[in-house]
Structure formats: structure tokens, C-alpha cells
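Right after this note come the structures.
Each of the next two complexes has chain A plus one more chain, namely chain B in the first and chain C in the second.
Presenting the complex of A and B:
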């Protein structure tokens, strides 16, 4: 003999009286809730017109301060995606001695925004900015050269 | 031109033209209002980009739908596929002719009634014609020759036929008090008795209001569309202008049934408390505006419950109708009859 087990989930809500069910009390409570929400302030951010500011620690598009970089190759070495390429040489330019980067490319299409390059840089030259609008139509445009990296990422406006 | 021609041809034609012209635009704006109300309930803003606060969105939408490619599935039954949206819209528009929008005005010596066709069995005709909408839905679902539309159409048919019973019983209870089937007559009966029928027949009104939501296939009874389970329900295969026609039909049907509710239970075009002399200053507002205000409140109610309640399961939907609404409406009818017999 098998016992019949009720499959109905046991609910802890108190049993409703007939009058409560007949007058649809619970439904009216729900409608009161949605009515209150109708007049609450809205949470929508109208993106291109309004922008939320991101947290200062946000790992956005990479930038390099050209004047402080000592071309030590540490960032290129540690990058797990091998998306940093740079070349440096010794000389006296820009008012300082020692090594400086002659060219510096970061491929943001491959970057995983791990922040390792920022951490490893001995002179805090490479760093994540707070910019997040990195979308491009062309993969080549995701590769930023030293000039873009130093002066800041510009949103590219494409012509038809 | 003879008076006969003007009264019987010109005035109705003008009325029809005005009504259709307004309705074509109004349906678009009801959709916009619905999107806005739903958005507000969910703490969103809704359409904002086309025109100030999205006010031109309906025009952009209808332009888009008009310019879309006219697609008919290869395996569809072409004639019925093309005909069914037309049936839905035509039936909804026809029912609109019997709705009294106001008291009527006198213009250039001619009395223009507030209703296009004051049929003496108006409310029966409206119920009958709205019942025919089911054909548009079933044929649309069946002729698409695809599984989801067929399932949606079968659900819609079963649901609409079942809820029509409760709806009609609720209407009957109101009619017993009114003693007439004419839509204008019902409003006049409420004026003569000095009370809106919702206060005499609150249970019938409750049943009617629930059944009317189900009858127009609206959330939480939108089993026929049920986006989450049936893709798009009975009009899954429809697109572009034909799809828009279904939409127009749905919103017009909402308007019609809300207008019936207002006429039967909320005093039609009358101002609140029509018998209280102290409120006579309310008469400066034309009767048509009172009617529209009441209908708009019901349209808001439609959107409000759509934003509040989740969809019923199919068996719950049927159980609600057959186990609660129909017995209750019959009981209500019985009590009404006994009370009227005792009072007579």
C-alpha cells in the first residue's frame, strides 16, 4: 500500500477567508503597489544625453603617459594577451635622459582589462582611464598608438 | 437636398468619417499610453526619443508598419490569411456604431445624435458582433498553417466562448434593471432612476469587468497571445500592416467593451450625480467629454492590471470562469429576479 502524498506545496501564508477571496483583497493590494510605483521617480538613464559616472577604480581604456614611460617592457611581458607592443631607445628627448618609448601600440580588441600592466608599471605610466565608449566599426581602430594613448582616446566618428 | 437625405445619409456619413479618423490616430496613442503606463509601473520612462516625451512615436510606428514588406507564408491559406485581420477590424468598428458617445447636439437646425445607429437591440448586437471577432482570430491562427498560431487560436476560441457566457449573464442582470436593450435607452433609464446601475448591480459589474478583460484577450487573460509560451499567439506569422490591423482591432475592441461597461453600469455620457441640482455646474462639460473620461479610466484600468498581474495558467483561466464567474452570475440573475418580483 502506497500512501498518497499531497504534491501541493505547503504554504505558510494564512488561509484567506471567503470574504477576502470574494472581494479580491490580494489583487487590490497588488494594484495599490503598482499605483504607488507609477508615481515614484524613474530610474532610467537616457544614455547619450545623460551619463552615469563610473567608479574611480573602473578599468576603462588604457592610457600611457609618454613623458614618464621608461620603456622597461614590463607591461609587454606581463600582458596575458600579448596585446602591448613597444619599442624603446636610449637618448635625450623631452627634457629627460634614459630610455623612452619610440612606439607603443595597445590592441584594445584583445585586451581583457585585467589591470596587470597597470600594476606592474614601475613608474605608473600606463593606467586605466574611466572611459568606456570603446566601440569601433573597424578592428584597426581598436589599436591605439602612442599619440592616442598619451593624449586620450577619441571617439571616432565614421563617415558614410 | 431633402431633410430625409440629410438625416439618414449625410449625418451618419459625417459621423462615421469623424469617428474613423479620430480612431485611427487614437489607437496609436492608446498604444503609446499603454507603453508609458507599463514603463511607469516598472520605474522606467518608456518611449522618449521620437518627439517630446515620445509623443510622435505612434506616427513613426505606423509609418514603419506601413512601409514593411507584405509577407504571406508560403504554406498559408492565402484568402483566409488576408481576410482574417480585416474581419477582426471590421467587427470591432461595426460594434462602435452602436455606442452612444454623448447627448447629441443641434447644428444648423438638424439634431445630430450622439450615436451613429440607435438600434433598439443595441447591446445584443454589440455582443453578437464582438462574438464574431473570434472568427477573425480562429481563421487567422488556422490559415497561418503553423503550430503556435493554431494553438493560440484554439485557446482564444475556447476562452472567448466561455467568457461570453459570464459576460452575457452580467449584462442580462443590468438589462433586467434597465428594462430596455437600446444603448441610449439604458442611459436614459439610469437618468430616470437617478442612480447608476453599478450601485444596483455591483456583482454584475464585477463579473462584467473581469469577463471583459478576458473577452478582449488582454493580460492577465492573454492566453491567445502568451508571448512567453506561444511566441506571438495567433498572429505569430503576421507582420507589417496586417499585424497592425490585428492590433487596431484589439484596441478598438477594448474601447468598445469599455464603452459598453460605461454605458451599462456607469451612466454613459451623464455627469456624476445627474439628479443633484447643486452639481449642475458640471453640465458645462459636454456630455461627450464625460463619456470619454469614463472610457479613458477603463482603458487605464486595462493597462494597470496588465502591469500588475501575471498571466493565468490555462486551466486556472477556465476554472475561474466555469467554477466562479458563471455560477455567480446565474445566482446574481436569480437574486435580481426575486428582488424585482418582490418589489413589483
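Presenting the complex of A and C:
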């Protein structure tokens, strides 16, 4: 099906005249182009000092709304990495009846940030926040319990 | 007479220009390479085996992690294989949205290839310019798919969520300015004498050899073989858009460079056409919530990823998990060419050869 156009090595690099070679025309052209860029506005962001905001659709650190979770285990089941662990209990707490989560752990060091748990949750209790700064000194600190998941983890913002 | 003997030099696994964890054992005579042994597997994560223990939806995020520079293309290959397996229909809107997204990912992947390849050879400006444009594309991914690199973009039947407002216009605007950027790169590189000295005649592999080794993608088209799966075995609506397949017959690194530069322009054209053709409607598709495929039903689906022929071979297992998932990774097959391409060249050219193959080690080892 495929045709071989030619298999003889030749060169399609542009031919240059002696004068072009001697005067380094192509080099000067490139230099001129890069020189023009010196006067254009910069596109870089000085990260710790300036922070980029992400799109609301971005899948950042996971959060769980403790008051709405009905401990249905769907997120635990769908998670491809098995990094969600939770346990539920039936009872009346916090002014509502039915099932609620007694403990809830997400290991962010193993999480794929795939968004499947967010998708299956019937009450939109688990969701991806827009936080992306998840670096920790200890692996244990990457495991967030229900309290951290509900209120958000501590991010130290760099001040100028 | 001084006695000379063959010298073995270890390159990698932590070498900056092996683009990941690849180890090469070079057999040298002076500075000339006699033979190359490729040692790989440092990044093996057992993706194929993992896929046999998770259901069809859970496997999508794993496919991101194989070729992470063009994750949407891996998602497409896997998801279309599942659709083939189950016979699911894709809505027209999802079809064209997918086409636009994967072609954007081809541009992003080629940009990063150019950035690193040129950096290896010594042209530092390219790194900054290419990542600048790539950043724009990654922002599009972030808005539409939810992540920048490991997108988990698609699911069997369509996309996971609809495109955000204003996304199409932003992409079209990028497409209108992008060809001018490619021209800028070419001003810097095409006639640059260092670039020419380092790439022309380096890493030569003839069309016949390329076919015999099972190479694909730009590696094949840079050797004068007119073969593009988007034309030969159209999938995902590619038969409805108009684009050219660049083929250069010189078989060297320079001609593969020209192929990829032209492909970026053609991809821009495809994105524009796909977004123009995209109708309104439902994007999430009709596949069931729990996909079950009967035992022994099998499907093989190939797509033309930025690196070449990417294939997913799936066998149904009777339950909601596949019995077998085999990935035909383009980087893995293209990597075979390192030996023949390096023979007789200098050590410095090995860096060019690795760059021109455009390997992603996540894809090689899976």
C-alpha cells in the first residue's frame, strides 16, 4: 500500500551561494529575529512571587464535603489506584439522618487525579479543588484525613 | 605500534539527552561507534497487566501514563478500541472535538520534540520558544479536559465533559497565529549551518530498512515512505478532513525534521477544519455505565500517534474487565533503529539520533 518515493540519500538542505556563506546571512537573519524578541513583553511568570490561576475545570487536590457525603463507597470502588479508604456508619449526626462517613482517607501521593471519583459521586460530595501545590516533606503528610479534606490543607503562600 | 582495542562506554540511564531513563552501551573504536546495545525497562510499570485488573473506564487514566507527551492520543487509541469491541456509537460532536484535541496534542508533542532535539544539538532558543507555544496548548487542555499532561480526556462513547465556553474561538485564534511561529523556528534552523552540519547525513536509514525494522510515523515518512494511518486506515473521522502527508526522501535527521515541521502546519489545518465541522449536540456519548464484553471478543485498533503507529489490542473477559490489553507502542519499535542509525558515526551523533527518533521512555517501557 505504501510507496517508497526514493531511498537514495541526498540533501534537501537549502543550497547557499558563496556570498551567503561568506557573509553568514542565515546567522544574521536569526540574530535579527531574536533581537526583536528582546523588546517584546515577557511571557514568563515568576512563580513563587506571582501565581497563575488555573481554569475552574482543573483537577487539583481532592476535597470532600463532610456534611453531604452519604458513605456510599462508590468513589472507593471506582478509584483505579485504590487510594481512597472510608468507613461509614448509620446514625444521626450534625443534624441529618442516614449514613455518614466516620473516617475518610485519600492518599494524594498515589492519586492519579483522574476525576473518576468526582464523576461517580451521587451527591457531588467529593470534588477536585483548584489547588495544585501539594508538595510535602513526608509521604504521610500526603494522606489527607476527613478534617483536612473538608477544610483544605495548609498552603503557605510565599510573600514578597 | 600501539595496540588499540574496542572500548565500551556506558551512556545513561540518567543522561540528559536520552530523554528519560534509557541506557545505551556504546562499542567504540576511538570516537567512532561500532555498535550500540540498548538497555531499557527502567520505567516499566506493568501497564498492560494493570489493565487486566481494572474495568474499561478505570483503564483510561493508565493510558495517559504511557506516552505522556501526547496523552490524548493514547486515550483515543484505547477508547476507540473499546468502542470497536462493544460497537458503541460516537456522537458527531464528540468525534470532531476529539479530532481537534488529538491534533493539538500532536502539535504539542512535536513542539516539545523540537525543543529538546534542538537543545541537544545546541540551539537553546528553540527550547524557550517551543515551550511558549506548547504552554498555550496545555492551557487549552486544562480548560477542556481538566489536566495539562495526563489528560484522561475521553471515555468510551465520547468526551467526559463538554467544551467550555469560548474554547473553540480561543483555539481558532491560536491556529491562525501558529503557522507564523513555525516560520520563525524555520528562520532560525533551516539554513543554520550548525544545524545542517549536525543533522544532514546523520542517522540515515533507507526506506526498505525502515519498513523491515517496523518503524512508523515521521521515521518512515522521513525515509521517503508515504504511509500515514490517517490516510491508509482512516479512523475517527479523518476521511472527512483535507490534509497533506509530508514525505521527504533523504532518510536523514534533517528530512525527519522537515517532516515534523510540515506536520505541525497540517495539524493546524485539521484542527481548523474539525472545529468548523463540529455540530452542536451531546458530547458524552451513549456507552453503558458498566461495560461488559463477552469472553473472547477481540479488537485491534491503530492510530497514527505523533510518534507513529499506536495500537491497542483488547480481548474481552466476560466480565467488566478485559482479559488482555496489549499496547503496540511506536517508541518501542522505533527504538530498534538506534543501532543501525548510529553505526559509523561519532559519539556526538548518537545524541542527534536519539533525538530524531523522538522516543518517550514511558511509551517504550510501559
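Just so we're on the same page, the second predicted complex is superposed on the first by the 127 of 160 C-alpha atoms of A that agree within 3 Å, B and C clash if a C-alpha of one lies under 4 Å from a C-alpha of the other, contacts with A are read in each partner's own complex, and residues count from 1 in each chain.
Basically, a contact is a pair of C-beta atoms (placed from the backbone, for glycine too) under 8 Å apart; a residue touches a chain by one contact, two chains touch by 3 or more.
Keep in mind that this is a model prediction, so the values were computed, not measured.
Enquirer: State whether A:80 touches chain B only (first), chain C only (second), both chains, or neither.
Expert: In the superposition, A:80 touches chain C alone.
Enquirer: Using the touch definition from the top, say if A:138 reaches chain B (first), chain C (second), both or neither.
Expert: A:138 contacts neither chain B nor chain C.
Enquirer: Any idea whether chain B or chain C touches more of chain A?
Expert: With both complexes superposed on chain A, more residues of chain A are touched by C.
Enquirer: Looking at A:42, would you say it contacts chain B, chain C, both, or neither? Reply first, second, both or neither.
Expert: Touch status of A:42: first partner only.
Enquirer: I'd like to know which partner A:30 touches here: chain B for first, chain C for second, both or neither.
Expert: A:30 sits against chain B and chain C alike.
Enquirer: Does chain B (first) or chain C (second) touch A:54, or do both, or does neither?
Expert: So A:54 only meets chain C here.
Enquirer: On chain A, what residues does chain B touch that chain C touches as well?
Expert: In the superposed arrangement, which is not itself an observed complex, chain A uses residues 27, 30, 33-34, 43 for both chain B and chain C.
Enquirer: Quick one: which bits of chain A touch chain C in the complex? Just the residue numbers, please.
Expert: Per the touch definition, chain A meets chain C at residues 1-14, 16, 25-27, 29-30, 33-34, 43, 54-55, 57-59, 78, 80, 112-116, 119, 128.
Enquirer: Which of the residues in chain C end up touching chain A in this complex?
Expert: 54, 57-62, 125, 132, 135, 139, 142-147, 150, 152, 160-161, 164, 184, 187-188, 190-193, 196, 200-201, 204, 206-208, 211, 220, 223-227, 232, 247-252, 254-255, 258
Enquirer: Once bound in the complex, which stretches of chain B touch chain A?
Expert: Residues 37, 39-45, 48, 304-305, 307-309.
Enquirer: For chain A, which residues are in contact with chain B within the complex?
Expert: Residue list for chain A touching chain B: 27, 30-31, 33-35, 37-44, 46.
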